[in-house]
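There are two complexes below, and they share subunit A, which is joined by subunit B in the first and by subunit C in the second.
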Partner chain A sequence: MSFTSLSFLIFLGAVAAAYYLVPRRWQWGLLLLASYGFYCWGGGRTVAYLLFTTLTTYLAGLLLGKLNRRAKALPPEERKAGQARLRRGKRWAALGACLLNFGMLYLLKYWPFTAEVVESAAGISLYVPDLLMPVGVSYFIFQAVGYVIDCYRGKYEPERNVGKYALFLSFFPQVVQGPISRYDQLSPQLLGEHPLSWDNLKYGIQLAMWGYFKKLVIAERVGVMVNTVFASYWDYPGSILAAAVLGYSIQLYCDFSGGIDITRGAAQMLGIDLAENFRRPLFARSLTEFWRRWHITLGAWMRDYLFYPLALSKPFRRLGNFARRHFKGTVGKIFATSMATFVVYFVIGIWHGANFRYIAFGFYNGALITAGLLLEPFFVKLRQRLPIRWEGKGWHLVQMARTALIVFAGRYITRAPRLLAALYMLKETVVSFHPGRLLDGTLLTLGVTGFDYAVVVLGMAVVLGVEWYQERGGHARQWLERQNAFVQWLGIMVPLLAIILLGAVGQNYVGAEFIYAQF
Partner chain B sequence: MEELLKLLNETCPGIDFAGSDALIDDGILDSLDIVTIVSALMDAYDVTISVDDLVPENFNSVGAMLSLIEGLQG
Partner chain C sequence: MNAKKWMIMFVCCLLSLPVLLAGLNFVVDPFGVFGHFTWYSFSETLNPRVGKTEYLEEHWDDYDSYVVGCSSTSSYSVEELNAYLDASFYNLIMYGADMEDVEKTVAYLLENDTVRYLFLNVYVDNGISIGGGEDDLTLKLHEKVSGASPLSFYGGYLMADPNYAMDKLEAMAKDTWLPQTFDVFDEATGVYDKRARDVENISDMERYVAAYPVFADYPVYPTELAATERCMESVAAIRDMCAAAGTELIVACAPVYGEYLNSFSDGDLAAFYTALGQVTDYWDFTYSSVSWEPRYFYDGTHFRNAVGTMALAKIFGNDDVYIPEDFGAYVTAETAADHAAALTNRGGGQDDSGYTREVPILMYHHLSEEGGTDINISTAAFEDQMRALRDGGYTAVTFDDLYAYVEHGTELPEKPVLITFDDGYESNYTLAWPILERYGMKATIFAIGVSIGKDTYKDTGAAIIPHFSLEQAAEMVDSGVISVQTHTYDMHQAAEYETGPVREGVLQMAGESEADYMAAFRADLETAKAQLEQGTGQAVTALAYPFGFSTTLSEALCRGEGIRATVTTESRGNTVIKGLPQCLYGMGRYTVTEISGAELLALLEG
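Right after this comes the complex of A and B.
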């Protein structure tokens, strides 16, 4: 059931109505029922994968909690030896759960690619089972593994009720494309009792409408042009290819952030505040900052469960000591950390999927960010010598444009059908741009009209305007609240009419899936 | 305290460690700074700081970092 389908709106309305009508102590049970109903409706038998992850990580959590309690209860004279023994047990429990679930993810998502590479490189044919990809598998596995590691670290007591834990992993607004939530932030909200709050309903509906506006009015519209160009990219000059990649950048942002707005809006209607996943990434002044603003919960997951353990691991500490002895100054100090950073961005790249394009995408981001870190001392010296106001607004704009350009170049890699196609398109953009083709009517032959372009440009102007206001500390929905009744009415009706009149809805519309739902 | 402040200023120059008690909450230190600081602290004070210790309250101020080190030294 796609978020953009009428059936989802009816489902959400029915769940919200029932949620506030049933006795409050039944609310979480209703959410669990609705979440599994939602998952089975869209994913059918693939619910078995969700159940597998739920049960394995639930049991691992219980075992880790038990071992943590035993370690705390040890008498002082046995503490050292006992804790070492229990720590080994904890490691096996956590490792077992992680391997089972990441193994399943590997089998589903990466094994076909591995088999393809092995066959083309060594001529050995490997068996690839014909498995259906479960919806949101990367999201619920990462969320479950985060829970296991937190239990291993003793951050909180594990959940004893399997139903309550199952709800944490399956909560229907977020199971398709995240955000990747933390147990200690989400579970108390899911299990809490929520009286009907008009503010929550109103703000939730407004946020979801904003998401639908981005998805249906902008992303779906510009996506037609993007698909046309990428389907026969060899027919177009560099300028049209660049326009298509720009279109894809807009599509991806409005699709993913719009989807997350719908998710957070639907959750807010139920009184649940999900983690923020975007913080106006178009305003980022560096690639590192961009990744702190884009898909925030994945970045935070990688930081807490991959970057910190990796950077503080013995091999990386040894590498750090080696670097400090052999390289002078800042480079020596941050060399090992930079390498850990590279690994993290590389993993973020391949998290998106198994093919050479995502490997290249990970390498691209990792290499640029690592180079930036290692070259920072050089940039500091350069900045001291050049007579530029480094804190002025002009330089901030240059930094934002530079970041946008780097991200833009990366989009060639992720959208092109193959890695070689991406390199070909990048080359064409540089050596055979032909700017005149942007004005000779070619853009109007790509499945969209001049009116569609106008809607996309105007829509993006509205999105950027709102984000600029938020960037300055404003809260758009609270601003609307302070206006008179007429303006408030306009604030609801204008986006609603835009979605109905300009959105990709209607009899012939087939609700397109969200791009990030496939990851 | 003075010794620790000197080490922090050498490790991450340009950050006003003494003037803030919300170094993490205000986004003054990022994850990269934390790992660089943790590595420097482990070397200088011969303590083992684990991933579990990497919580904002241990790194929000110089005083918090000092308490963490003293706690680990037992």
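Right after this comes the complex of A and C.
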């Protein structure tokens, strides 16, 4: 069930109504029922994968909790020997759960690609089962693995009620595309009792409308032009390719952040605050900061469950010692952490999908950030020498533009049909830009009209205006609340009409005239 | 405002949306059911069933006879029917109509009007399915025809997708004189407005198939005629209703493209056409040599207006119109079975040499003793070329010969060639005419009206090559060797001499409205025609486009002003086709330069 379908709105309305009508101690049960209903409606039998992840990590959590308790209960004299033994057990339990689940993810998402590479490299053809991709698999597996690792670390007591745990993984607004939540933050909210709160309903609806606006009015519209250009990129000069990549950057941001706003809005209607996943990434002043503002929960997951364990692992510590001995100054000090950073961004790239493009994307981000870290001492010296106001607004703007440009170039890699196509398009953008082609009407032959471009530009102006206001510390929904009734009414009607007229009704509409195209 | 109040306002806003939608649809009225911003052609395009019913409700008095059927019905000309039967026809074509729709429509017509003639088109597709009971806003019948509940009918249009209304507003801004995809119907006659399609240049098969690739490899999807029996029940009901009302029923089966006919099994086809004969006598045009000629079709299921002209001529015995010998048969109950059996014995493709000819057109301008440029060749070269044509067995033809060929099927000589001169230079009179006469050739001169008899450019005093006078033109025409036709009156402007805005050939100028342009074009043509016709006594029916520039609109305007052939400067030959007068629009010409007679023959013989 797509978020943009009418059936989802009806479903959400029905769930919200029932949620506040049933006795509060049944609320979490209702959510579990609704979530599995939602998942089965869209995913059918692929619900088995969700159940598999739920059960394996649930049991691993129970086992880890038991081992943790046993370790604490050890009498002082046995503690040392006993803890080592228990730690081995814990390691096996955690590793087992992770391997099972990552193995499943690998089989679903990466095995076809592996088989393809093996076949083209070695000529051996490997069996690729024809499996249906379960909705949101990359999200719920990461969320479940985070839970297992936290249990391993003894961060919290595991959930004993399998239903309550199942709700944590399947909560319907977030199961499709995240955010990747943490058990200790989400679960208490899911299980708590929520009296009807008009504020939550209102804020939730407003946030979801904002998401629909970005997704339906902007992303879907600009996506048409992006698809046209990428489908025959060889027909267009660099400037049009760059325009399409810019369009794609807009599409990706509005679609993804819009989807997350719908998710968070829907959850808020039920009194549940989901973690923030985007914090105005366009205002980032460095690539590192960009990744702290874009898909935040993925970055945080990687930091907590990949970066720290990696940086603190024996091989990396050895690498650190080696670097300190052989490289002078700062480089020697930060070499090992830089390498761990590189691995993290590399993995983030691959997380997006099984493809050389995503490997290249991971490499691109990892290499730039690592290089930035390693060259930092040089930049510090450079900054001291140049007579520029480094804290001024102008420099901030330059930094934002620089970051945007780096991200923009990266988008070539993720959207092109093949890695070589991406490189070709980047080359064309640089060597044969032909700016005149932007004005010769080519843009109007890409399946979108001048009106569509105007809507996208105006829409983005609204998005950026609101984000700028938020960046300065403003709260858009509270601002609206302070206005008079008429403005508040406009605040409902204008977005509603925009979403309906410029977004929703455009889908699937085929004017009768197309029947006559041949006349 | 507290959150609770906000929620109440939000819910009210949600509830107001349907009201707003209804308001939009009521006022803008894209389907034309509420009587606002009446634009029949647009609403009929969205839904011809509903749109045409609304139109007839306002125009019963204008008509006494009707043409009914699915979309191929459109190519039966209302004007021709009116002339043959002295009646006032309205063509009620409805795309995708099945026979049940037609039956209901006929019942509605007979109920509301005294109907003299009913022309029923039965198409082979009518045997595929019947009684779909379409609910779609774009396909449903009007409640006055279907008897559906008015509440659900009008309610449906009130709640229609707002895109329809938006499209109408947008289309109102984009409307042009020629039809576009959103206004394909001609209001007064009810037919598809084919003014644009009927002037598109149709010439050799290769170019036609390149423009209409569907014919290159026509897809055949085996289809069952499962609804023949029910279709015939409806035809019988129509027959009985007409008999009861004293309405004369004419039934005709539309021509079908040969490859499309292959979608059906022989058994189904035989059963369909036999069953129809049991119900009523009918004219059958389904299969003939016409079926294998893609240029007689707009697409696989729609035959061209020109073919409709042939069919009506056959029905009403008009010998003046070209009709292929095997085209059309009158079928009765007795002959139906044999006729239907013959239908299943079809060939596959055919040789078009019996009804097409290649006619190259030569383009000259000025002649002089010395010659030397592309538009000024020497008399010696010209004479050599004419001699070569004569010795090569070529016969010079005129546009009148071409009209006779395409309209009446009058044969052309074995090796026809059409010689033309542009601009109307005096050298045509002094040098070319005697040479043409000497070699038994004929030529057509396209004279620029404003330059006739002048040796200066309009009133500027700037010297130009002298042009022949009207008297000289008349003298040439009287000889029977020369025909003088138009190169426009003043749309062959030379930028270097003009002081005001300059028109590029006949094209619309930047900033000129469509209405102003059309008025200017028509006025120019009318002036040119009047000048030449008064001066020479010969009708002006052919036009050469200045500089070769033309558009669909200019072609349609020419046709409207009685121009039956137009030539461009595109360097190519021409295929002319019997029964398809539109092949004379946008013809190509070969520029003849200072080449020898032998070289000219080589050019013509490709």
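One rule holds in what follows: the second predicted complex is superposed on the first by the 505 of 519 C-alpha atoms of A that agree within 3 Å, B and C clash if a C-alpha of one lies under 4 Å from a C-alpha of the other, contacts with A are read in each partner's own complex, and residues count from 1 in each chain.
One rule holds in what follows: contacts are C-beta pairs under 8 Å (C-beta built on N, C-alpha and C of every residue); 3 or more make two chains touch, one makes a residue touch a chain.
Values in this document were obtained by computation on a predicted structure and should not be read as measured data.
S.K.: After the superposition on A, what does A:Q488 contact: first (subunit B), second (subunit C), both or neither?
M.R.: Touch status of A:Q488: second partner only.
S.K.: Looking at A:P387, would you say it contacts subunit B, subunit C, both, or neither? Reply first, second, both or neither.
M.R.: A:P387 sits against neither subunit B nor subunit C.
S.K.: Would you check which partner chain A:W198 touches, where first means subunit B only, second means subunit C only, and both and neither mean what they say?
M.R.: second
S.K.: In the superposed arrangement, which partner chain does A:Y308 touch: subunit B (first), subunit C (second), both, or neither?
M.R.: In the superposed model, A:Y308 contacts subunit B only, not subunit C.
S.K.: With both complexes overlaid on chain A, does A:L496 touch subunit B (first), subunit C (second), both or neither?
M.R.: After superposing on A, A:L496 lies in contact with subunit C but is clear of subunit B.
S.K.: Thinking of the overlay built on chain A, is A:G320 touched by subunit B (first), by subunit C (second), by both, or by neither?
M.R.: In the superposition, A:G320 touches subunit B alone.
S.K.: In this superposition, which partner touches a larger number of subunit A residues, subunit B or subunit C?
M.R.: Counted on subunit A, the partner with more touching residues turns out to be C.
S.K.: Looking at the overlay, does A:A336 come into contact with subunit B only (first), subunit C only (second), both, or neither?
M.R.: first
S.K.: Check subunit A for residues that touch subunit B in one structure and subunit C in the other, and list them.
M.R.: Dual-contact residues (subunit A): none.
S.K.: Can you tell me which positions in subunit B touch subunit A when the two form their complex?
M.R.: Per the stated touch rule, the residues are 11, 30-32, 34-36, 38-40, 42-43, 49-52, 54.
S.K.: Mind pulling up the subunit A residues that touch subunit C in the complex?
M.R.: So the residues of subunit A touching subunit C come out as 197-199, 201-202, 205, 481, 485, 488-489, 492-493, 496-497, 500-501, 505-506, 509, 511-519.
S.K.: If we count contacts the way the header does, which residues on subunit C are in touch with subunit A in the complex?
M.R.: 1-4, 6-7, 9-10, 13-14, 17, 20, 45-47, 95, 138, 161-164, 166-167, 179, 181-182, 184, 192, 194, 197, 298-299
S.K.: Going by the contact rule at the top, pick out the subunit A residues touching subunit B in the complex.
M.R.: Residue positions touching the partner: 153-155, 288, 292, 303-304, 307-309, 311-312, 317, 320-321, 333-334, 336-337, 340-341, 373.
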